[in-house]
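The following pair of complexes shares a single chain, subunit A, combined with subunit B in the former and subunit C in the latter.
The block that comes next holds the complex of A and B.
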């Protein structure tokens, strides 16, 4: 992005070094940019500072090999709030979302399960495995859709503080209670069950075929340091199916041009609204005077002053690395230190000279335009988690692969392809000492060895590989431990507990300081909801008119 | 001819508690017990000539209210015993000892920092436990119930939460679902201390230190009551509790029939629907009664004794899917003398073998796949030091809980698999008490499968069904059966599979009786 002077807007230069911004946002990830855009829309003079020489954070497209554009970190889009998409006019700024088609799940014994978007075809595919499970899939999808519907309504709302007596909190609590009450008694119990169970136990209620359970359970572990048998993983499953693409609920999509298209389009909207983005501007420290945030000191020593400071960094990094412990009220440093943000996944991006062929899968362009989930079985996935507990990467990992070039010609040269592999589990700290480039490459080797098992000849197609362990993700993107959600999605860190009890409403313990990253409600996933919610709270404090739209929750 | 108002299936402590409460109100009550002795998992058995043991040896949170109401002191139960210390065993003899309760709680063997943290940790958890305590002896109302008494229960909970104050209320709602591991890591440095404190949140369940959602609740549940989570052996042993319950029952006119296995629950249908009218014993004898109350576990009650044909399918599915697999095995050793644990003057405490939380976690990992771990974690006691009648003079009994041992072992519970596990368990104890091997006169291993067969508990599960967040409170064992009544009029539950759950507490028996009496 950098300093593009053809756009309307104010850009930082030496002459204005002493100017005071209305707001400085730390980190140009999608939430930081969204937050800035809504503040700018209200007429605030905003600056987004970004440590890298590119914007986007974990929602980024980068050309790592000539001709190949990788979505280096996040790789699918489903949670992006459509109301924000429309409100910021992201399509005009270049965002095109393409729905994801089928997914192939691979079992340990080479068996495959192909899921299709057509209900009838999907039903028949499931019947090949189990007629019982084919019927149960309808039941599961109906149930998940219902569960998701309620949570979806909370995404663009600020969680109430249950310990507060302020009218606004009580009103919001009552709203939540009313929504839950409206479910009816039986449904409420099912909700509690669902929120607290493990994905494996939850799916036991539906299916008999292990591969189908494993395929469905995979969403329950993505990005988290829990296994399919850990209580709480059923909720994470929901977190991955509550999105929507173009009104198609539960669907996943790809951003044309890679995930960077999302950040770039929000940045485009921000600039049009008069906001400013400065890259190569890592923040050394948040400046606090008289218990008020007053600006930031950059890594190059520059001091920037602002009326408010908004951190899009994770809660742990914000308080334990970017602030002076003495500036913090008692107990906050400890809360931040104890904030659970565990690295559990790696990413391997591979440039391919041709489309790989997978055994057990018909040669079909439809199938290519979807995902390849190397799940194995519930036990294989659980054992992969056990490796993580022991401080090593899984020797037989769970891999969620996508080949975006199958339907997006802009991300690879003609006839060539690129493959995104999300890999679990991979710890941020190894039991046998720090990460080294050699260990990183061994991790990558484990991944391609596994894919080769399902796609003989795969290795010969590899043109280039980008291997990212939690260590690389943290070093480049700044996500502590490489956790993709900026903090575990467990009940103790959800809703009014996110990131800490008492600070879930985007205001931080220092006056004039806010948070807008995925460490806040509703958590990770490229949704832009955290950034938008934080903007609404900030504008309320500044007594400015609200610019953040309400969510358009349609009933199914 | 209807001879009884109520038939109670099972003479475990909950069955006896429920029976006595009902009889106190004038009901004619018959308790039917399949075994030859009452007491369920707390019944004392001779496992070797002259040596006796029971699965549950200690009390920790037996309800003081139940003891008072049933006048158990008059019947020979002396609860005023000093709690025993909990000892975290260390292979170098540097043990950690927790002793006393309440304000006199002490900790030895840790750094000054951990000792300070421990006091703060105990105080906070004690506050939370006190908040929840009244609700263990209350029926948890249905969520949709708008009767005044039910609304009051919810209002009381809300009020108690608010009264914690902003800070602690927020902390309660965060901590309530934390995995043991995070709670311990936040508070302590000593690995051994973390392991021994997390133990009480995990034992008896299929949860490990990294499992979220139910561990802290299990800890708080066990911390309710006068001992604050510590354990004690009653003056006359656990038999004195079972004896007192039995005698209290008899004094109110309850009939307890042992060796009377119930074969099925009798159901009658009329234009008003189904109704439980009595039971048929395994020998074919039919006994009718106004109602049937089962202290057997929910799966046994509904699937075996009742039969799914009488149940609506969604309900029976939920019962079928209750997680009821036990993961604790019991080891009993008959010893020639007092075992000598290095670094301990006298092994009269509750000794926990788990070097760190990973040891517990990894033992659990093995059990997940149907194996027992090569690195066992255990809780051991020498109950005969507190109660001489358990062994001949000068001899002793060692009683141990071994985790995690699956009910369904891969390859089955063969003689060989048992022999290996016994050897492994003895080797584990011998790390801390090397001379013990020469003292062993006899050993007995009870796997969860054995517990199931001896005590008629599905899966050999201590708590009848898993103590997990989705099977607690108004969802224990499942909704539509969580208020002790069941979808079948005249059939009630009063066992550990109902709220508040397992452990020697008497809560389910008490609550069920109150619910029945209305």
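The block that comes next holds the complex of A and C.
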């Protein structure tokens, strides 16, 4: 297919006397860089083109105020495939992932639920709310770990095509069926229920305390245009607890130096493997000749040719904005147009002159090193979703806050801090007309007003704010509607349905064209899995040896 | 030892003699030992961990952390014969050691088996400090036989010492007012004014050496007991904005393994405490041949070591990178996957959270080093016992060796 496999490294196209790359990858986000690194490792001559003047996409560190380094978009990490970290030697390229400590959840009436690192201490903390719920938490974690175990095994595997009769697909389907069947009949039903139910309903079976339910349910809505009561949110909850840090399932880590350290370290590995990254090189269009991808046209008019083209952009953007509709086979444009990628969240990054104090939280030097979840109650979170449905940002939003500078000495001046606030909900299209800088600032005001309620004096600490609505996220990072997952993680868009049924194996309807971003299996999150899976498929097509390692599971 | 140790009810405590001693930093360390996780070292109550061992380990790699080394043994050897005597005892040539320098070394029995490893600080023309993990006074006295102008003073209980390790340590010490600390090179010593001990006799009571056991940027702070708590308080006041945290034995053991450093009782048995003659170790076996200086005058164990140099050690301590993520603790090593031919054993093993690798130190038959190395790893999961056979790769370099550990001046973090 496409490339002559006897050719190695660079070669020149005689007709145009222009360099032809073996592969061009569009978008220097972490998946694009991972994909490029594994192709380069196989000896391919690869180029990553990036529209911004910096790399990283949504896994990025940016100094927006002198001395403060924000993880502007993604801010924590638990799905990063350890095997890729190890295989690409990312530590040597500067990556250090540090697990962070407990989290405080805040209720509407000022009550707090602190989740501690130590299981026993945590049990005691839960008991203060409800002895029943303290017991039930063990069962919840056990059940979630069991469900997550199965999904986790699929992360670094290509989903089978259930309609195909190719031996490989049949084999993979059988594997998947075997894994599912191993759960047993009862669990199988539970599992299917799990995929379709709401986070709130799912948690109802475990807990009686609203704050505990709300705290646990918050993971079910992050990055998704669903409410805690919406069917499908239970799976999102699982998506957020299936990661691990050094085998600690459900643990979350922070990257030293911010999330950009992840992209930068992968770029370091890529460059060492001979790959090239070009910034300020946005793609205007993917070039197609005779139903084959042959290169890209950059926004500046430059034409670059390549044996294959890999898009790390989301599915909607790739097919509706970077391709000529006439180049696409029938139906693809519509599929892309209808791809569910609704923006639901905003981000407010705040530079602080000191560590904020929160009401109801002891002055415990470890507690402030974790997260702060302003959940309120299930009711408050559902009402927040109602606002989104009506084209408004939530007037009492759910905020997941982390203060990375509490443990990372590299991201703020000594004694100063920065706070990452992930805010839900915030629509990409407002009912009362387009986003304006004024509306953006009002959204930011809503967020800090809420935090001030829990931390009197908070506003006085603010040195600088970066407010990002879906509008800014789309404009800067290129994520359609600012959807952080490059497409929602609902069952209709998961596994062999991601991004579209029939195209879940990273190959796109145009020959020599692939996708490697979070729009593909296993979806959003800084995991590097999409990029690595795509590389494995590409190398198979090019009849090159596979360079992508197998996953490193703790479940055996 | 002194007032710090005395429990209020000592007079009536029938178990007083059995209770562990407390270090000079104990009041502060105990307040921060939230988990009441104590261990013991040379008769002292000593933290296993304070809050969370992994968090403490990450402070060493990510910010800064203190490790109470009061229980470490410290001997001042001074006098006109001090250098000659020590040179006769240890394997390295300390006549080359400059003033205010520290060197790592070991000392052996006549049979060339390792008694202990430690460091020697050159504090004056005729004044040295030897530090080591286990009490060594008797061996020092034995080694001093025949030397006249010599004094050996056991200062173990009379100096307060705190290891301060991690990427922000230099910045913290600088902010604390230790002028010029950023110019201190690895294994060098500087003295600083500190506290309100009064001018005069000792206007620079704080000694800082750029040494440590973590393989990272770090220092060791030495001070008289009266100033111990003041030093702790100053360090923690400034360190608060730089992520300071005490760390215990568990985190130390993780950090030292990543750095490839050996631990008594893990990698080697002290020869004087080993019943079976072949169960102790030689410096060659431990990969410490670089500590042996055969060009200097005679030293303890020289002849036996020369013989071993020519024949080569039977076993060699190596660094292994092991497939998978199951730590190879107490694993046996084989030259084949079928585990038929045993070639050695793992001495220390762990999953390295910072490097993201399954690492180990292991004793392997020297002759087998050229071939394949397989580890048979046993592990449990929910009371089920499992085993797997995995491939091991030899590593020449330490698993963790950031440039900052040697950089002078070091980066701010």
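The criterion applied here is as follows: the second predicted complex is superposed on the first by the 538 of 556 C-alpha atoms of A that agree within 3 Å, B and C clash if a C-alpha of one lies under 4 Å from a C-alpha of the other, contacts with A are read in each partner's own complex, and residues count from 1 in each chain.
Everything below uses one rule, namely that contacts are C-beta pairs under 8 Å (C-beta built on N, C-alpha and C of every residue); 3 or more make two chains touch, one makes a residue touch a chain.
As the structure is a computational prediction, the values presented were derived from the model and not from experiment.
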>> Once chain A of both complexes is superposed, is A:408 in touch with subunit B (first), subunit C (second), both, or neither?
In response: second
>> Which chain, subunit B or subunit C, ends up touching more residues of subunit A in the combined arrangement?
In response: B
> After superposition on the shared chain, which partner residues are touched by A:333: those of subunit B (first), subunit C (second), both, or neither?
Replying inline: neither
> Just subunit B (first), just subunit C (second), both, or neither: which does A:191 touch?
Replying inline: neither
>> Quick check on the superposed pair: does A:101 touch subunit B, subunit C, both, or neither? Answer first, second, both or neither.
In response: second
> Given the touch rule stated above, what does A:175 touch, subunit B (first), subunit C (second), both, or neither?
Replying inline: neither
>> If we overlay the two complexes on their shared chain A, which of subunit B and subunit C does A:138 touch? Say first, second, both or neither.
In response: neither
>> Just to be sure I read the superposition right, which of the two partners does A:123 touch: subunit B = first, subunit C = second, or both, or neither?
In response: neither
> Is A:85 touching the first partner subunit B, the second partner subunit C, both, or neither of them?
Replying inline: second
> So, does A:382 touch the first partner subunit B, the second partner subunit C, both, or neither?
Replying inline: first
> In their shared complex, at which residues does subunit A touch subunit B?
Replying inline: 162-164, 184-186, 188-189, 192-193, 196-197, 201, 204-205, 226, 229-232, 338, 340, 379, 382-383, 386, 389-390, 490-493, 496-497, 500-502
> Can you list the residues on subunit C that touch subunit A in the complex?
Replying inline: 35, 51-52, 54-55, 58, 61-63, 167-168, 171, 175, 241-243, 324-325, 351, 353-357, 381, 386, 413
> Within the complex, which stretch of subunit A touches subunit C?
Replying inline: 82, 85-86, 90-91, 96-99, 101, 117-118, 245-247, 256, 366, 407-410, 414-415, 552, 554, 556
>> For a test of understanding, state which residues of subunit B touch subunit A in their complex under the given definition.
In response: 142-144, 162, 166-167, 169-171, 173-178, 182, 185-186, 207, 210-214, 317, 321, 323, 358, 361-362, 365, 368-369, 468-470, 474-475, 479
